[in-house]
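Before I ask anything, here is the structure I am working with.
Think of it as A, B, C and D in the order they're written, each chain with its own count starting at 1.
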Amino acid sequence: MSTLESGVILLLSCADRAGLVSRISHFIYKRGGNILDLDEHVDPVEKNFFVRVLWSAEKLSMPVSELEDAFLPLAKEFGALWKIRLTGRKTKTAIFVSRYDHCLLEILWRNSIGEFAVDIALIISNHPDLAPLAAQYGIPFHVFPLNRDNKEMVELQEIDLLQQNSIDTLVLARYMQVLSPQFVERYQNRIINIHHSFLPAFVGSSPYRQAYERGVKIIGATSHYVTEELDEGPIIEQDIMRVSHKDTLDDLVRKGRDLERLVLAKALRLHSEHRILVNGKKTVVFD
Amino acid sequence: MSTLESGVILLLSCADRAGLVSRISHFIYKRGGNILDLDEHVDPVEKNFFVRVLWSAEKLSMPVSELEDAFLPLAKEFGALWKIRLTGRKTKTAIFVSRYDHCLLEILWRNSIGEFAVDIALIISNHPDLAPLAAQYGIPFHVFPLNRDNKEMVELQEIDLLQQNSIDTLVLARYMQVLSPQFVERYQNRIINIHHSFLPAFVGSSPYRQAYERGVKIIGATSHYVTEELDEGPIIEQDIMRVSHKDTLDDLVRKGRDLERLVLAKALRLHSEHRILVNGKKTVVFD
Amino acid sequence: MSTLESGVILLLSCADRAGLVSRISHFIYKRGGNILDLDEHVDPVEKNFFVRVLWSAEKLSMPVSELEDAFLPLAKEFGALWKIRLTGRKTKTAIFVSRYDHCLLEILWRNSIGEFAVDIALIISNHPDLAPLAAQYGIPFHVFPLNRDNKEMVELQEIDLLQQNSIDTLVLARYMQVLSPQFVERYQNRIINIHHSFLPAFVGSSPYRQAYERGVKIIGATSHYVTEELDEGPIIEQDIMRVSHKDTLDDLVRKGRDLERLVLAKALRLHSEHRILVNGKKTVVFD
Amino acid sequence: MSTLESGVILLLSCADRAGLVSRISHFIYKRGGNILDLDEHVDPVEKNFFVRVLWSAEKLSMPVSELEDAFLPLAKEFGALWKIRLTGRKTKTAIFVSRYDHCLLEILWRNSIGEFAVDIALIISNHPDLAPLAAQYGIPFHVFPLNRDNKEMVELQEIDLLQQNSIDTLVLARYMQVLSPQFVERYQNRIINIHHSFLPAFVGSSPYRQAYERGVKIIGATSHYVTEELDEGPIIEQDIMRVSHKDTLDDLVRKGRDLERLVLAKALRLHSEHRILVNGKKTVVFD
């Protein structure tokens, strides 16, 4: 699963039919590519086809920039959703935060040691609290204070900023605001959220309190793509931790912090390595 | 956590106050007991006190049968819920099943090699299917066919049978029927159920189908004491297993079977070793 | 991961080179196959190629029995180790046991409900203890008592029995004897063992005692293919369980039993679904 | 498990005998203490007694500073190893690092949000690399470059520094040097190390490489008290993570980093909350 300097990734989904792998692998072979990792899945119920291919481009017989053009006819024939990416190209990413630092620090630190293939171009917050942390990692930090009346206007300013910076992916790192449907639609399957429960248990606010009061023996965290419906988007990754009667609500929050940052970080890594395809309300994750 | 032939267990809960451990441990010491394992917990919110003490009765200065009488005044003073049990004494248990064999086999086999401190006196089912399995382990198997009209009458017959056999604890090993509130009340905190989801996610029927359709990355199972409200009883134990987009609904059912039998078996072991106290809608589990 | 009545599986490894996926998928496509699941891996250090392909044979343009012949030239060209199997065809399997019943019961039960694609043709033991369990599941049980002097002769008798029954795969379900190198060589990568530790920790005898004395906080179990060197074969699957200072040696044995049977069962399932390729001293497991 | 501002903790071990809990709890009760959490364990093999008691000191009838003096006669009678600590009092701690930042950052960040009851007084390193990270958290950073000849002298300087700062506990946060027996003896059961394998597997150097070459399916990390024998000290905490054939050596290192920092952090938290007693070559951890 290591990243490769000179690799090419194709991520594609379409209605299933015979011959897809043959056609795709032939396309790669003809252009001098050597497939290093191929993961294919057919949804047996929906009859949808999903594939991720990583190939070495060392002996590529054409400029990489022309690969997309060359693949276009095939993709059209398949009626596919698809993208081709170089492994070396980093995804332009913006992080949204409020006041909690743990998820932000986790992402900034991991990125600083090269764990992600992302370029964190900027951080947006409704509070100034985390500006010093952003500064430590040299990332521009933009504060947009929110009140009852300015949400729509602020979102337009934020979108403007995101567009100016050619942002591809948004990470909500415990951002305590709900984005408008208009905003969400613009970045469909490109906004990654972390919810601090084992969805679909404990939807909404105060999931740790809900978990504490229900007396569960395991808590969880869930990273998902944001959709219009709160906490209903396609799940990317989940993880859990044991708790017991000895754990207070504060203990659940503490243990949950570890879950949140690990699960969100994993989701971002999977996304940045182009390992996730959306299948209706679910995901296909080629891990 | 091994069982001890000649040990005594006290399981007790009451409102917290200073001196409880001192009084209880003094009581034991005075009677020649040597405490081998003591676990105490105070709920910091509700201010309730919970304790489990295991002591060696080798040098017990009085017949074990008199211990309860001797302890009664203290228990009254504390306003406690409590019981004293010998580690060697097996809990009389009945298992309720329908057609799935995996939980029943798990319990019968574990009991046959001495993992539980239970005496499985009988098995009750609304179907005859598992009679041969019961016969292999030499356990009486009673069939009470259920239809739309006879539930009330059947429950009376079942209760009669349970009482004749001095049954203390009931295990619903994937028993696909809902017990009446009257039945449940009679065996409060003594009916152990296994629900095939990570409660409170996927309450009710077809939890694997619900999980499959939601696209979760982890499935679970939950063992709990049965209360009047379906799937709302105090949780004893939960566990989980990873699933992926490759898993079909059948795979979830298959993986879930392993969870169900392990979680139910663990809950029964904890219960039979007198390690569980109920704290409102939750449990205190001294594992 | 469900089994398919009319599917075909190709499992293949060879030295890596460009075009392998293209050639293989083209071969399948030309014969009317529709690939349902393809998992490919290239070892980046050894430059070896591994693939498992599952395709639907519903519209197969030729008898399945001719597929192997048709594929042979390609396989020769690649210098590949390979096999083609129908998903419906069960692997002929023999189980070796001594006195512990837990692994045997687990396998027999799982097989009885269709979890494995295996045909358990017979059970071999050096003790008569588990004959009744074998009888419950209707499996022939052969006892070969072992003493200091007869091991060589007994192995010859066992091999004779295995050959008469066209046994493909052997499962050592806590079989407490070491097979001779001659025996092992005959069934290379087809003898599955369960070792009751987290290999390479606690090689050899009494791993639970070793774990107890070392004071580890986690115990494990390991399933691996048997090679000449004891406990050194390619690892198929491992799993672990938490232990604490409260756990006695007996508790470790009890907890370990659950690990052993789950890990061995998973290894057998992976093997029976043709998901495992050996890569030197390691395995590639397409799970 | 939350910390309490005004709590008192007794951690004690001695040879077992009847009456210990009674005597200790009576001592606490007499002084107005209300026990909030008591965990007691008797090693059934070695017949050693271990206890951790947390009691509320709100109504304490004497200055806390006199508790130790008051308890001394009892401790002497029991021949006990023991300590009494206020929950509010932070343990003076020094961290030793080399060049890896992940464990250091984890500890500094967790401490900054109050997860540990430690006062990180200083950081010692044989390299200057992590000075900026120490500066971000305002912790004095001391560099002691090591070469073939100066180890003995450097250790004396380090001990001098530790003593000047009244350091109680040392954390080796991936410190790539072996401490001398003289050094270790001085801080017996007070030096916490993190080893990047699942001990006792892969002792010594390059455990990830060893794990990669062996083809294990699970990697681990182990935190233990340092003793004279390398990687042989009493184990405090272990955890594991799944790996597969897809994982390169770099992936193992990356996944292992998460294990290392979580396991070391947990060990430090347990130690700082006085939850660990050493039992020969093992630990008793009252979690």
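Rule of thumb we're sticking to: a contact is a pair of C-beta atoms (placed from the backbone, for glycine too) under 8 Å apart; a residue touches a chain by one contact, two chains touch by 3 or more.
Note that the structure is a prediction, hence the values are computed from the model and not measured.
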Chain at maximum distance from chain A, centres defined as averaged CA atoms: B
Higher-contact pair (C-beta pairs counted), B-C versus C-D: C-D
Centroid distance [mean C-alpha coordinates] between chain C and chain B, Å: 36
Chain C and chain D: spacing of chain centres that average the CA atoms, whole Å: 42
In chain B, residues with contacts to at least two other chains: 2, 37, 41, 44, 246, 248
Residues on chain D engaged by chain A in the complex (per definition of touch): 1-2, 37, 101-102, 105, 109, 113, 115, 136, 246-248, 250-251, 254, 258, 262
Sites on chain C touched by chain A in the complex: 2, 16-22, 25-26, 28-29, 32-42, 44, 59
Contacting residues of chain B [partner chain A, same complex]: 41, 43-45, 50, 198-202, 213-218, 220, 234-240, 244-246, 248, 279, 281-285, 287
